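Sharing a structure here in structure tokens format.
Each chain carries a letter (A, B, C, D, E and F) given by its place in the written order, and its residues are counted from 1.
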Amino acid sequence: MLTVLLIFLPLLASATVLLVKQPLSKFLAFVVALAELVISIIMAFGFDKTQTAAQFSVHWQWISSLGVNFSVGIDGISMLLVLLTTVLMPGIILSSLNNTTKPPSFYALMLLMQSALIGVFTAMDGFLFYIFWEVALIPVYFICLVWGGENRGRITLKFFIYTLTGSLFMLVALIFLYFHTAGKHSFDIQSLYLAGRGLGESQQVFVFCAFFLAFAIKMPVFPFHTWQPDTYTVAPLQGTMLLSAIMLKMGIYGVIRWLIPVVPVAVNKWGEVAMILAVIGIVYASCIAIVQKDFKRLIAYSSIAHVGLIAAGLFTLNRIGMQGAMIQMLSHGIVVFGMFYIVEIIFERTKTRDLSQLGGIRNVAPLLSSVFIVIMLGSVALPLTSGFIGEFLLINSLVQYQVWIGAVAGLTIILGAVYMLRTFQKVMSGESNPVTALVPDLNYHERLVLYPVVILVLVIGVYPGPLLNISEAAVNNLLSIYSDLSASVK
Amino acid sequence: MIPIENYIWLSTALFTIGVLGVLFRRNAIIVFACIELMLNAVNLLMVAFSSYLNDATGQVFVFFIMAVAAAEVAVGLAILVMMYRNTKSVDIDILNRLKG
Amino acid sequence: MTLYAFYFLSFVAIFSALLVVFSKNPVYSVLYLIITFFAIAGHYILLNAQFLAVVHVIVYAGAIMVLFLYVIMLLNLNEESEPHKNTMVKIAAVFSSGLLLLVLIGSLRGASQLVHKTGGEIGLVQNLGQVLFGEFLFPFEVASILLLAAMVGVVMVGKDEEKNAND
Amino acid sequence: MLTNRSKVVVKKEMNFWERIYLPAILGGIIITIKHLFRRKATVRYPETKRYISDIWRGEHVLKRDEHGAERCTACGLCAVACPAEAITMTAAERKKGEEGLYREEKYASVYEINMLRCIFCGLCEEACPKEAIFLTNRIVTTDYDRESFIYGKDKLVEPVDNRIDVTVRQTQAVQEFKQHKSFSHNR
Amino acid sequence: MNALFVICGIGVFSLLAEVFNWKKWVTLISFIGICVAIGVLLLDWRSVSYYYHGMLFFDRFAMAFTGLILVISVFWYWMSVDFFKGVAHRTDKSALVFFVIAGAIMMVSFNNMAVLFLGIEILSISLYVLAGSDKENLFSTEASFKYFLMGSFATGFLLFGITLVYGATGSFNIVSIADVISSSKDLPRFVYIGVLLIMVGLAFKISAVPFHLWAPDVYQGAPTPITALMSTVVKIGAFAAFVKIFSVSFIRFSFSLLLFEQGLMVLTLVIANVTAVFQSNLKRMLAYSSVAQVGYLLLAFSSDNAHSSGTIFYYLTAYALASILAFTVVQIIENAKGSANISHFQGLLKGSPLMAIAMTIAMLSLAGIPPLAGFFGKYLVFTLSVSKGFVGLTAVAVITSLIGVYYYFKPIVVMCQSEGQPISISNSQKALLIILIFLNLLIGIFPDLIRIV
Amino acid sequence: MIAFLTYKGILVLVIFIITLAVAAYSTYAERKVAAFLQDRIGPDRAGPFGLLQPLADGAKFFFKEEIIPNVSNKVLFVLGPCIAMLTALMAGVVIPWGNTVFLGGKEYALQIADLNIGILYVFGVVSIGVYGIMIGGWSSNNKFSLLGAIRASAQMISYEIAMGLSIIALILMTGTLSLREITLQQAGGIGSHWNFWNVVYQPLGFIIFLVCAFAECNRTPFDLPECETELVGGYHTEYSSMKLGLYLFSEYINMFISSAVISTLYFGGFNFPFMNNVGLSHNWITVLGSAFFFGKVVFFIFFFMWIRWTIPRFRYDQLMNLGWKILLPLAIFNIALTGLVSLLFSR
């Protein structure tokens, strides 16, 4: 029941928010986001870490004629992502409280987004998953479209059509699976798993391709990433945060939840290709990031690089990689959230994102720069920060899988360090110039947002155990199923 | 008795001539008259079939076609006159102001 | 005898139908169409459908074509005001309708297997009435709606707008 | 309103019978059918001629006296009396030796009546103090041009040898009337 | 069945209102009348039977579509209250609209070609006039005339087809036709061309490419409420007729006709969607969109002639609800700014958020974005065709629907840009918008509600 | 076969001649009646009582100069009066001029063709009649002619509807479209077997039919198409000599046929009172019947003329109002009434 509450509370709240005036609306939105956080924490404590099956599950009939049910539930993998969402949402909302006033519709969309995201992470029915997947797209599209920057109409439409194309392929794959379910056709996750595994190899490959396309566009993996930097740049802060911190994870989550268990044979066969794509993406994005002049764009490319690493780790299909991916998802979400916020703070104060114009902020805003350092180090994966755990596990798994791939993927740390430190140097250190001379330091709101981020980065980096425990059972279960099946095929 | 094929040929020919007229002429009234010719070709064939099948329903259907034709003519000519009032022309090629 | 009549009427029908299309003067076109209609009425009589023949004459020749002529005269259309299509369009029109004819002919061959059932009394008023007011009562009644709609429509299109309508 | 013959138009609502017009039409056709059986107003002219009353006011005549002299003295009263202004005349003085021709010293050298204007009312006859002009029962003959309808003295003055009898118009009552100066126009 | 009479009755009543000077009441009575018709329909719901010597057949299919037509009519009437206000001929227009509805009902419930034909004609003739009801406007006149010429041309083909089928089978009853076709071994060959001509005639009516040429012009030229009527009620009627005749009478030919149906479908999908991208007038764009939707319907129908009616019903419902919503907004904008050019939508979000939201919902639904009704329609269609093995065609449809997303999002993007003047809308329009938004969502989220065919 | 053709041929010839004669003398009668109704004498110079006047008129038409306007459409200009004349003559085919006669043991009907759709045939022919006027008026290339033609077509189409509807009420009663059967149903003769004339059952229908007949024949008060005061003669403004003669003739023939149809439909046709009681042989009754029939026809021709000199011409809008707003609803009402009554009485 709590899951249902988690999904529908923001939904109802979003309708309510529309009806009230501006000051109250943002307050209401924030309260709801906090309430969600509380609920999810309660759930995390009540979560049975040993169990592999979904917990807190609800199973209602919905569209009986199509075999679609409203069934949601939370297992270890979901739990982490739900936590990520609920943790970040208050932050995102809080970040908008700063000094820009957004109309109630903005908060309505935010809450809608949260609802959809949680829906995606908890859906235990193929169709429901798809619906939430698409629904999650709409609010963020409008957030970017309405409150975005220059050229937003064209760029956001590109983003929308890209993702929609991917998800349509996913839909086709889902329908394909649906028709292969036994007995009365159903979209139930278990029957879809069975259906997928019952497929022949070529059919599996088809399903794999369709799913992978959808997820790859969402993440985004190398050749499908072209929408991403533009969109990140043009989107408003909150849009960028949503996209990068949470929506990216939808793709990865999709791979874990839907791609690997459904078509293990195809994954076994073609996972390597995906992995190589991801690794290419890492190097490519990192290289581009190095030459970026635009601060926000740089972060965007860095995000591609990191996500590439996660994807590559996933397709190693061993326990370390999986767990690394899980923890890195959290870490990346938190870090990138903080990064973008800092970019926005600087942009707000200097009205520029051009790295060559910035510099010397450390002199005028020490707090800002120290927070930036911590978060940046998290991104660079310095030990004792959250990034380190994840990247270590991931590269480890890649090396186990194939040394050369691991080596190339390892470049991410080096290149990441290069561009991040360069950025720090350009933005923070050096002499203040006229643009940056009068930059004020963090204010109350910003500190309220950024301090928890810093704390989280450090806490996860130091003590990731509980989080890893949450997902361990589910990951093990997944891998055991996979290895059984791929072995049996071979 | 005349073979039914003859009637089929005849009405096909008339029908095609009607279609030809619709495509060929630019005068809206004549285009419209050619549509009437098409309907008449249909009527003729219908009556022929009805007669050959010895089934009165075909001829009854022709009544409905006639009623409809009459109604269509009334409405069509009224619209045509309305159009003529506005454009002072009955040239159907004038009807191309509506473009995207 | 009837066959000759058939050929004669068919010739008249097709010939004047062609003239409908190719006459320059709209009035001639309409008059040729009337001739076509009479030829078709003749066919009806050959087919033993006298009632329909007369109704055909009354409706088409007596009412519909009069309306056509009426409008042509009202708008004073003649040869001079006749718009001309360019040659390409004409060729295209002839070509496409020729194609249609070919398609129709090709697919209509082999109709001779249809067996002629004797009787021949169905064209009489009594029989038609039985069918019309028996089985086809509903369409008959519905046709009144159709005519009503047409009537209202024509009045609406034809009547001048009432200026300064109050409500 | 002077004559009391004009009718006031009443625009009242017509009742049902009036509105369907059929009774009115019926009345109309009854009226016309009645005429079918009336005596015809026309005659087959050359063969049969219409009876003309004695006191019919036809073409004018300028009378001569018993000696054959013209009675008219060109006083102009007739012209004044004429409502249609059809009469015009020019006066002249009688010369020596013309006593047989004209009864008094003054006479009309020109006397014209435009027959197209004349309305044959007879006022000239009444106005004439000399009993010179009279209307007769003769019909003004038709002609082809307007000029020929202006009758001069050549047509108006009665021929000496073919006197026109107007006695029927000179009844006792008329004579007496003419004697009464009080009724006269030129009081 | 009785609903049809009620509708005809209201039409006649509207005419009488002119005589007895009840003009004030026409709108109200019309509303009540349609509601009564819906009520009557619900009362008849369980009685599936033939009427009038098998002229009409009210089964689930017919009743469901009748109900749909009536419900959409209610919204249509609500939306176009202004259309009947102020100007002359209001009773005439109202009567003609009811005749259109009556025609549409006949087209969904016919069991005999005569009723089909008369239904089509009642509907068309009324529409010809209604399309030209804005007599001062040249476009309206032109639209009316174009529609008329094309419509009667199509009628010719339809009739020729009916005649040939009659010649081959000796009947107009669609069930008997099916019987004859399935029982007799040596049908004359011309029955095929007859069926094909019927298809051509009906394709004109449903405006499937390449027989769609009239649609954009007419949609653009006609007064917006009439355009809305054409793209909803009329389309429902026409497509239902198409489905009915080919799923009952010519079901045996479904295999032979498949190629034609699919040809129509592919052309419709590709050409309509691609052309729609280049439109700058929203009415015209919606016209192409409504043509494009026919493509999806055809995809569903051609996949399974016999059992696709449920899907088609759902799709049409979703489409009609979204269309009515879109046209409501377009109409308000057109009244306020003089035309439906897309640039007039600029800044609508800031100016009148409700309208912008409504338009967005409509566009999203038409584009097929979950969880709106349009998505489910497309979903059902794609599922159906995939389940019958037409994967390639489905892929075409998917790609074209992506193109669709592009042009459906154009107004959305425009609306969100720059500032705009507020446009005042009445409370009734607000209520209508809200109800329609709600319905679009409701049917999208709970599609089982209307899976009644 | 030969006998049949001869018989029909003779009949056709006789009826043709009679029609022409009646039409010719109608022109004479028209002038005479006009004169009488206006207390005049009328033509009386040609022959006794002017009886040879029609011949004189005819001769005049023949010898007048033939003028075809230079800018007119020559073929159609000639075609117009021909069509007018042709259609006028054609309508006489189905009218039962008399009952059957027995000659040499064979029965001959005094009717050219007894179509089972006689009334419709008449309608069909009448409805084509308008082409003569339209073509003539249009081809004259004259404004007045064109106006006359347009008026004629509008008028005839409008009144045809009311006319048809009034007939439908009659058909509802009689149950047949054959003019002969309708006549026989009205068989007169008090005493043995007799029926009222249809006019008794259909007074309203009769009035409507009568009014429409006036309009269809372009007779006053509905002579708008040739309305001299406005249109200088309307559609035949440009016509002269025999072509004008044909137009005028066709008008009188139409009047004759209308009268015949009215007599047939509403006044018992060739039936007359006491016909079954006078005790004459069948042939004699037939002859007498025909005489009576012509008497009725003559009466109606007279009636046409009578009305002409009674009622003034309508204005054009009045004409249309009468046709559409009064006669049409009345005719429909009449149908409903007839239907209702026959429904009640058939039970």
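Worth a mention:
Simple rule for what comes next: a contact is a pair of C-beta atoms (placed from the backbone, for glycine too) under 8 Å apart; a residue touches a chain by one contact, two chains touch by 3 or more.
None of the values given here were measured: they were computed from a predicted structure.
The minimal number of chain-to-chain contact steps leading from subunit B to subunit D is 3. Once subunit F is taken out of the picture, touching joins the leftover chains into the groups A, B, C, E | D. Here the largest set of C-beta contact pairs joins the chains B-C.
Of all chains, the one whose Cα centroid sits at the greatest distance from that of subunit B is D.
Separation between the centroids of subunit C and subunit D, computed from CA atoms only, is 72 Å. Distance between subunit B and subunit F, defined via averaged C-alpha coordinates, is recorded as 33 Å. For the pair subunit B and subunit C, the distance between C-alpha centroids works out to 5 Å.
Counting partner chains per residue, subunit B has residues 4, 8, 15, 18-19, 32, 50, 52-53, 55, 57, 60, 64, 68, 71-72, 75, 79-80, 82 touching two or more of them. Among the residues of subunit C, those in touch with two or more other chains are 51, 55, 63, 67, 74, 104, 108, 111, 114, 135-136, 139, 143, 146, 149-150, 153-154, 157. Along subunit A, no residue makes contact with two or more other chains.
Applying the touch criterion to all chain pairs gives A-E, B-C, B-E, C-E, C-F, D-F. Taken in their complex, subunit F has these residues touching subunit D: 33, 35-41, 44, 207, 306-307, 309-311. Remark: subunit F residues 73, 76, 115-117, 120-121, 123-124, 126-128, 130-131, 134-135, 137-138, 146, 149-150, 153-154, 156-157, 160, 177 touch subunit C in the complex. The residues of subunit C lying in touch with subunit E in their complex are 103-104, 107-111, 113-114, 134-139, 142-143, 145-146, 148-150, 152-157, 159, 161-162, 165, 167.
The touching residues of subunit B, counted against subunit E in their complex, run 4, 8, 15, 18-19, 22, 28, 31-32, 35, 38-39, 41-42, 45-46, 49-50, 52-53, 55, 57-58, 60-61, 64-65, 68, 71-72, 75-76, 79-80, 82-83, 86-87, 92, 95, 97-100. Of all residues in subunit E, those touching subunit A in their complex are 349, 353, 360, 364, 369-371, 375, 379, 382-383, 386-387, 394-395, 398, 401-402, 405-406, 409, 412-414, 416-417, 446-448, 451.
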